[in-house]
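Quick notes on the structure that follows.
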């Protein structure tokens, strides 16, 4: 049994509350707002640590050869992804606090920080890497590594070399079993081919039929996304895309509840990351205008480009282009419905 | 004296609560989420009406030949601009509600709405026009008018023809009196010329001195923004820009408190408008992917372009590029300080 | 097929945007902030209508003799309850806007509104009734009816007479099948009695063992909540309470995912309702101090009492008192685990 | 000049990111959510440090014998109080993150923390003390000290012994000069007495006249608040109350802009503190029900009582009871108006 625990010690507040040393103390009068600048960045880094704690646990579960549907594993994954989105929301909101610092107040200590810069948050970059952002998709690749220490670049490179969450998602989607054979798909008469399970032949026909005149080009896109070898800059295979679309279409069946929530959770994370970049961008613009950031970049341009390129889950987001109305959906055969349901109802 | 007022009548709830007619009622089963779609847009339009109520009152005050500094007028302007920002914040947050509608749920009634479209909110476009967005700066100009009724296009054209808030701000800034002569500016020895009051000659020198090597090009920009005839696509004159910069630099003096708050308020409005466009954009992307919006546009591209172009107060935002550190600011002469202060302290 | 739909008509904006008539127009100069007062209340009422749309659909599903676990019905219920919580969050945030009205600004038209009052929102009271707030639990019962029209009181009384969401939840929980017999509960040796299924005898023992000295009185409470006839002012039966606790304890099993989310959703709704009442209370206090509200009540006291009494789902909230650590939980027998899982894994 | 600064060192991230040691590491498997529990509390404490940084700077300014109206001092006070409110808003929002921890997840490590407890945040209590909460107004006084270390109790006692922000506000209000004599108050004919300046005699008459029948008791209250020796449990003197009311009534005059914003800022701080306590209360209730908190208290009851008693600025909030309509306000004499305005307009 542990000794009596005291709040102050448990939280190591002696360390935490004595880790703020103002560079501007060297001036006649320390810049009041430098404390804010330090503390807000420290809270950001603490939350980044928490985000890593969550994503690491999620990666660990996803790395298992196969998730057990009857265990709470997938539920845990969804729960923690949702928590990440809640944290990111607070981080976005937290920019409100930094915006109470006026440009003049920032100037009071800005020059003293060179070349320190928010671009040096290796934790944030590592988070992007673990989720699935690849080095080759980053904006201004050299610039980004030049700002970090070797040991932190190494951490990020290592993460880029491992299976990212996005890749693990691809594997998990590919393992979805319902299309491994045509067994049970009795109501779909088409022959089964390697790439074209009868369900998908049917669905493709209905999708094409649903397109407005000006959308006809989407038919070719459908073919490309769901039936062709995907170019290497895509993470998801055609098979994984089909599984994801199936989940969106038939989310009402018990076995697809959690998978659907997982898809939603990653889109929510991407949206919050995007909101974070967008607000950060606006704030930097308001704070330094066209001047050069402490890290040497022309702040706003870098951030704008990064904001546009760094969507991690865009391959999921794009699948909404391929939905059709619920009332036009193919009805699943009874045998498949049983597989998608709970045990005790089978009798 | 009025008769006893009843909440239900006062709010005209019989009208308000009976103004939702679902297009999908024609289907076998009305689409559940169409009600949400209608109600959220109605609340947006109600808030747009309120935003017009505020901006109209602000325009009315700003149109007076000269604001009386000793009246509450400027305070009222700032208060109402701040309120507009608070309203816009809620409108941004409100998108959370629409995001509870999944793409499949939207598909249930989406086709029935063609060609109705969110682009047809004339109130929002009118608001942009009143604030200062000019027709020639709008993205996709023809498209934008093709979606509106004649009477609403006329309203917007009329607003575009009148003095916008941005133009009235320019006039108000130009009227700032402190640089009309060199009287009182005893400590600044330079000769006074039409465009170069000795204060500004001094400030320019200090600004140039403050620039880092990589920022040297900002010196020419300074010249352009504060001393040259501004090209016609700018709203603010060099004189107005100088006044705005002066307010930012010396906001500590009582007479500049409210003007500084006004500058902050419009930047906050722009940021919220930007956040609104950004979230709207993300939501449309999540909802319809690459398909065509009900209004016929390829939703996301239009919105992205608009979001990038429609910053209304960017000329104010850019002025932060020209600040210098507070400890390097020229000290104002006593006579000017008196003019910037309260009456009773003069004795 | 419908005719071409236009945004302005579809949203009936001619009605919506012409439903604001200021009482203060009778004064020399209309009170500027009365428009805000009207519009914010109209948006509240529009959202209340949407909340009714959601709760009505939820009640309709819950009223079915038995929810089909393999249909999307429960998922739909959870989704719509979650949406209600998202809406309530925005309504809470929206009070920020009303707080931009200062007490002096409110005084400009306050007297003209008597006796209209926010207490006259029958939609809000009806919502509380549908969820499960009983008349006899309301604070200041007579006052509350005296403020409403007969037809609206009738609507509320009617809802109070029907099965509320809370009562339907009770029925749904009571129907949870796993404890109907001891079949399958092979590892629990105790004899089965009417009220004490061997699982519960076991759990009770473990719970009692987990209590700290100062918590021993909770043992009696446990007995009362889960095994005795509940007094009539409780909605949930002992049987329903057991089912709810079981869901909380074993939420990891697929069949309990959605039920657990349902429990969370109603707690979230209660929390948002509570936040709404709390902020409303603070705002009224800030606005009118100890003076009398337009409806004749001493605003703050009424609201404080209502805020303390009107928790609707408190019987659910209290169940957290009866949890034990996950590592001390009884292991469920294999036969029961199978019943709680998906079909295809049984083989 | 400082050496090149690196983000990682500047923020002392080696300290910050290595200050999380889980008590549950002693179990077979560390409780996943303990990390969240530690990190969220650390971010709270970092923000509390920032709040102290702000309040200390504000106290330092307020302690000067007299604020110079023509310096930026009061503006700085208002700005920093507003920042405190923005920070508190984020802290309230941040509870969302803690709420993603379910009661079962908390149970996994709750027992290991005894007797550590959130009540042991001496920084929060010290903040309350600096703002103005007196020991004798605290709920459960002995309990509160028993939970803290001697050195931290001493810090709080010391702060309680010094002039709090509330007391400094009282002094600042009392120094408001306009009622020191009747000079200039030419249009008010009443004789001047120690306690009853002619303006106040006039205002009192108008206030009494404005009261509805059921509010007549407010007349006596008015007398008590503005003209009598205040009992010792009040911080504000009658003179200070009069000054605060005058600011609210005539906030339109330039010299009262900032004072009015100061009054609003402290009410906003109180509201956010109240929201924080309220949400904290709800969360504890949802988390542990009626069981005993890790600190040994029956969590919810303690928090409820504290939430009800710990309003710091309630004496300001109550003044809204004594406002009258703007159109019924006494017109100030010209000489007083001049004193309330800017210098250059006097000529």
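Labels for the chains are A, B, C and D, by order of writing; each one numbers its residues from 1.
Assume a contact is a pair of C-beta atoms (placed from the backbone, for glycine too) under 8 Å apart; a residue touches a chain by one contact, two chains touch by 3 or more.
Remember, predicted model here, so these are calculated numbers, not experimental data.
**Q** Based on mean C-alpha positions, I'd like to know which chain lies farthest from chain C.
**A** Taking each chain's C-alpha mean as its centre, the farthest from chain C is B.
**Q** B-C versus C-D: which interface comes out with more C-beta contact pairs?
**A** B-C
**Q** In whole angstrom, what separates the CA-based centres of chain C and chain D?
**A** 32
**Q** From the C-alpha centre of chain B to that of chain C, how far is it in Å?
**A** 39
**Q** In chain D, what residues contact two or more other chains?
**A** Correct list: 251.
**Q** Spell out the part of chain D that touches chain B in their complex, as residue ranges.
**A** Touch list, chain D to chain B: 69-72, 75, 177, 251-255, 257-258, 337-346.
**Q** Under the touch definition given earlier, write down the residues of chain A that touch chain B in their complex.
**A** On the chain A side, the touching residues are 27, 103-104, 107-108, 111, 212, 214-215, 218, 221, 248-249, 251, 267, 271, 274-275, 278-279, 282, 285-292, 296, 317-327.
**Q** Of all residues in chain A, which touch chain D in the complex?
**A** Chain A residues touching chain D: 2, 4-8, 10-13, 15-17, 19-21, 23, 26, 32, 35-36, 38-43, 45-47, 49-50, 53, 57, 79, 82-83, 86-87, 89-90, 93-94, 96-97, 100, 112-118, 120-123, 149, 152.
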